[in-house]
């Protein structure tokens, strides 16, 4: 909950919970940080977590748990088949989405593997507002193609549209007609569109997408991993949602979409994932993949303790007190940076703040990797780890030439319920320092560049 | 540890640990049990765990944790990349196997998916002592073929050979030559061979297999999921191992094998899995599959808490006090049954006791599913759930005809550190009752028979 | 629950729970055990727990917790005043005893301190079936005297009376009349009378005691620390209780007694303690002692996590499946020993088995401390730690002469839900060995004999 | 750690840890808060915690635990005697204080009971910088008298002396001489003097007190419950301590003082308490009280899990990253309030912020209880619970007349590691609102006034 204070310069985000268990963090002296980032080849993925003060690499699987979740882990009913724990997960999913059928999987990408195996045929197309890395990987692995139909505002850093993750409905229809509905594997709606800054989709737009799908007889799939944040934005930015309960919104969506899947590393403050639906026959067609890739149908490759935690966490995903925490702390950080003049994607989305590094280092060409350079600089300046989301994260063209990213972003993810206002202020302060001293930052070049997944494993050094 | 008591009829298995946390079990009245098994279509997979007193369905993911494992879960370093927790797992694997390279995965079948994707080409063959269900599924999915070269004693219920999981080395060589080494994806050694009763492989045989592979230039792969039990049998049944430490045995194997993988739902008393090796280039060829199917390289789709538990559990896998518990309780159960005349696979293996249902119900033909019938009877008689490992677990031939299993077994798995001598005695008593009253048990017929995985989801009723 | 097996020599006690978390035990080699007991001056209190395989010193604070208790600890509402956790404890006590008023304390002896401070005036008398060490200490500290009126059968090792903890009602009345009701601080009924072997009191006798008290206008106090065991014996040994629920028994007692107190280290499988009553004014007279000695009224010196665990554990104290475990394992041990001819107190009580060391070492005089000698021997023989309950546990007379204990017992306490049948059999086996080799056991003499609490801190050596 | 930000109006306190587990808080609507405080008779002790957003009643037993503490709880060695857990506590105390002897007790007041029982004779005097409620209660209960010799600055709200808890050494000497050293039970140094606002004592002053005691042959006792905060102030306010490690300070004190005791509800972020010393014979004289009042010498009435947590927490008490958190958040709150003009005790101490209610409501006489009135107002204004530390907390004179408190304070305690900057800002904001609207606040009068401990149980209503 964010409260407007009686006597305060601006709105301050406020946790509606207290802290029960903490874990020590290290803030190395700057010379050690310099050493660490050099040892990591200027790649934040290769830093050791013990050398990091604020780990803002991702929001996935690193959220704080509640006391109720922690407690639930201890009552887990450890059984391969027919576990009470799985029954509790089923009840939780039913409560949150209203759906009858449930298939568990060990995390979001595992759901994507199964959906791709089941529905993506060679030559088919999966249409979506925007791709996500693992989603695309599985679709292309199965011979499909990904087409993105996000509204153009979604890609404009300057646009302050409240729902920059929205589909362009006209382009959606055109795309379906162009490929032919029979060649569309599915239309995927990504709530809280990850790669364009955690930008939400409006309820109106989601429902319209579902209608389009229905009209064309095309399957609609909701990636609900970031739905919790998205629902927060619906409630606070979309007039029709103001007086709906969060549960009404979840149910409305589930009623309209053919299939929903999610990573519980995000939704549910836990680990694991699941696919759910009202549609029995669709779900039956997915069923056999679960034991093959994941585990038996009543645990799906998850630790039964994690299932307990997710079952509790899903209820928490309905609670505005909990789901507002992330977006409001991000909003605070974005405002702090924006007020100071730091180029940052607006409006604030649901996953983290995103620095626009092309504007921070306008002189630096894509092939000197400005986002990676800022990532390294911010670690040196403050022991803060962000994630490069720019050209380094792309894969070279088959001819070896660089494929330049549309945006050179540094993502500063905000794990839910983990960092405090003090730490967010510290983060803002360190970014301001980097911004003020941006002329110290030079470009990077590869010293080791793996063929695949270079952003994970590659190493770079400063140019000159 | 099993001690020979001063004053006792026979050896009694003895836990070298005490109980810290317990969980209530229900023993329904017999009329409720009858109702429950009928509601489950006489399929023990479809029973609800709350209706079960002793769940002996599997030993996978249902082992009790130690206090140290439970504690470790709370110090988890929740980080996507570079987590200290993963470093601790790496150190544990290094300690246990001596291997340098480690790729995590969410459980054993996930490792198999990756190994199959990487190494099994259409038309290739994977040779092994015996198949395991998920192993075979991934190999055939990738277009490979499975060839089993277990020594013939392994399939003789009567044989009391101490290492019934051993390879027939001559057949192994012939098979390699027959297919040509270049068409052999790998030779897989399954420690504690699951589907033939958890029967161990001798150290001598394992090393000889590795030598054969080396000679032919074929990759050797050790499935170490049940290695803990297997090492116990090496120590107690194989002369050369008596004075070796458990660690020496693990290291010797790891030195000789090209790749080792395991399910931590068995090895390590936890959840998750991993692939490990001394061979950097082999491991690099697997690396990219981890982020695709599992999760980033430093968590591999596991809950970081589970990784902590496994890291501790792996050390426990070196401790004879812990690893003897399972085999010795199984041995006790097998001896009790054998002494009474119940047909049971001997010698006792490492996973559970296996009732030979063809001998229990000799009149009943395969297509009346004797193992399923005994499974249902034992649940009714004692609230005990075993797993059918007979014809129901097979898949029909393409022409719809039944494919009869070689053995009609009822597996009574023994989760590690979970049940006590009282409960094992209770189990033996209930089996004796079933044996004495076996003429009450009739055959079963399908009421719902799914096309695939019928043993998971199918339903049956009593004939006549 | 104990089941009569279909095919079994005798009844076997059976846990109605499974094991979730275990803790490693060490069984030192015999030469190390010898060294350890000598290092401890032949006093089992001075042994280090790491040197012990079975710690049967006491049942207090060493019981295994349930999964539900463990989970509850994590939802603790950590507040000094008005905590929800305390409200949950209040509801649990209300459910179990039906009582309205509740004062928490950090354990049983803390309740005794408060009751003594409030009610025992110099010159007053507290009448009870039998004293307990700390009870007596507080009463005498406050200037009171303890008078024991247990039925004579209670002190006869040979008697097989089912309720050897019963009051002799005539002696009770005589004692009240002799001292005058106005000089009776209270009559204390100790359920599961500890120092005479955990022997129960019948419901009939307890109610009769309450009636006597009522008639004379004397306050009745129930020490319910071992009530859980006692209720088990009422249900199984007393005809009128057979068809009563455990809750009916608890409520009936609470309705009749003026005050109930208990140690949650025994009742409730936790840590802590409490005083409860229907009588508001009595409780108000105790209230001010709580903040003085213990802590504020809504936590009473307990860890709030322990309060959660106790709140859950009290419900478990109503569950025959749980409360039968202790007595039935004790019963099994006693029968094993008795069948072999080892002198042991009968019938089996609720706290542990008690070896009659005067009969084991009939030649050894009290001042050579037969019970301590057997305790040391059993530790050497099996790494098992019992508690001397004989002359060593007495305090010398003011003139320095020994005060000989009525019984020279070695108590082998049975922590609840901790040890298994294997371990109980092991214990029996080791006792049998000691019995068969009793001529090896010599007497002990002091090397260091503290003035007070010599049984805690004193050291002895073998004579000759 | 507090960092001076690069771009920030003022210093912001910064946690050197992250959040692992959270617990939901409720912020009731204002009309419900009004109802709740009326239901509680305007006494914050009588509020239910579920109706409170920020519980700032006390810092005792409500501190967040670290992940290491939580983990340690699970490895507890549950043994009455000779537990490894107790050995770990012993090692921790040795590390922190360097002392050899250790007696455990269930919390701070239990130590005080024992010290009073052992050392306070009727007619004796205990001299201290300032009394604490329970300390005084035990001393007077044993017939002793408490004399306070705090430096006069300690009682001046306006004084900004950095060590307002210091002894006036001249008065100390005079007092000893006046009573005669033989009648001085002990001199007690309270670190972080609680009742005058958590004000620290300088190292120099503490050592000087010890010297005085030594010279007169009087026993010195350090109440180290708030020593962690006090050491932080020594390090940051006292020149000679700047380059000492925290451990050096702890050891220096322990070397000079005869006895140290502490509540682990404060020191060690846990529950429990202990007495420690270099002096064997002093400790032996206390030993027998432990089993009488607390529990056996190797657990002292604590839950063994709590002992594990304290053992870890004591090491954390050496870590400036952890021990700075409390004082710096308090400092921030005090500065916020002071800058706005709210009357608050300065300098900021170690336990919480203290509002000077006599200045907030200067018109309100003591017998209308201004501190209680402000406490009720703050709860209504923000769901925040403080503790009245004014006339309500005093006891009436024997003649029934009020005994007016020297200071009418509202204490806003800051549990360690529990609240965040957002919440501290919220708290400051609500206090500012109360300050600005102070003319709305009227006096209170009793509706139920208990004879003893009226501040705990009494009820009041608004006047007029």
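Read from first to last, the chains carry the letters A, B, C and D; within each, the first residue is number 1.
One rule holds in what follows: contacts are C-beta pairs under 8 Å (C-beta built on N, C-alpha and C of every residue); 3 or more make two chains touch, one makes a residue touch a chain.
From a predicted model like this one, the values you see are computed outputs, not experimental measurements.
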Chain pair with more C-beta contacts, B-D versus A-B: A-B
Remotest chain, chain A as reference, centres from CA atoms: C
CA centroid of chain B to CA centroid of chain C, Å: 44
Euclidean distance of C-alpha centroids - chain A vs chain B, Å: 37
Centre-of-Cα separation between chain D and chain B, whole angstrom: 57
Residue numbers of chain C (touch at least two other chains): 20-21, 23, 67-68, 70, 74, 78
Of chain D, residues touching chain C in the complex: 21, 23, 44-50, 52, 55, 57-58, 60-62, 74, 77-84, 87, 106-107, 109-110, 113, 134, 137-138, 141, 271-272, 288, 291-297, 299, 301-306, 452-453, 456-457
Residues of chain D defined as touching chain B within the complex: 20, 67-68, 70-76, 78
Interface residues, chain C side, partner chain B - complex: 1, 3, 5-8, 12-27, 64-68, 70, 319, 321-322, 340, 417-423, 425-426, 429-430, 432-433
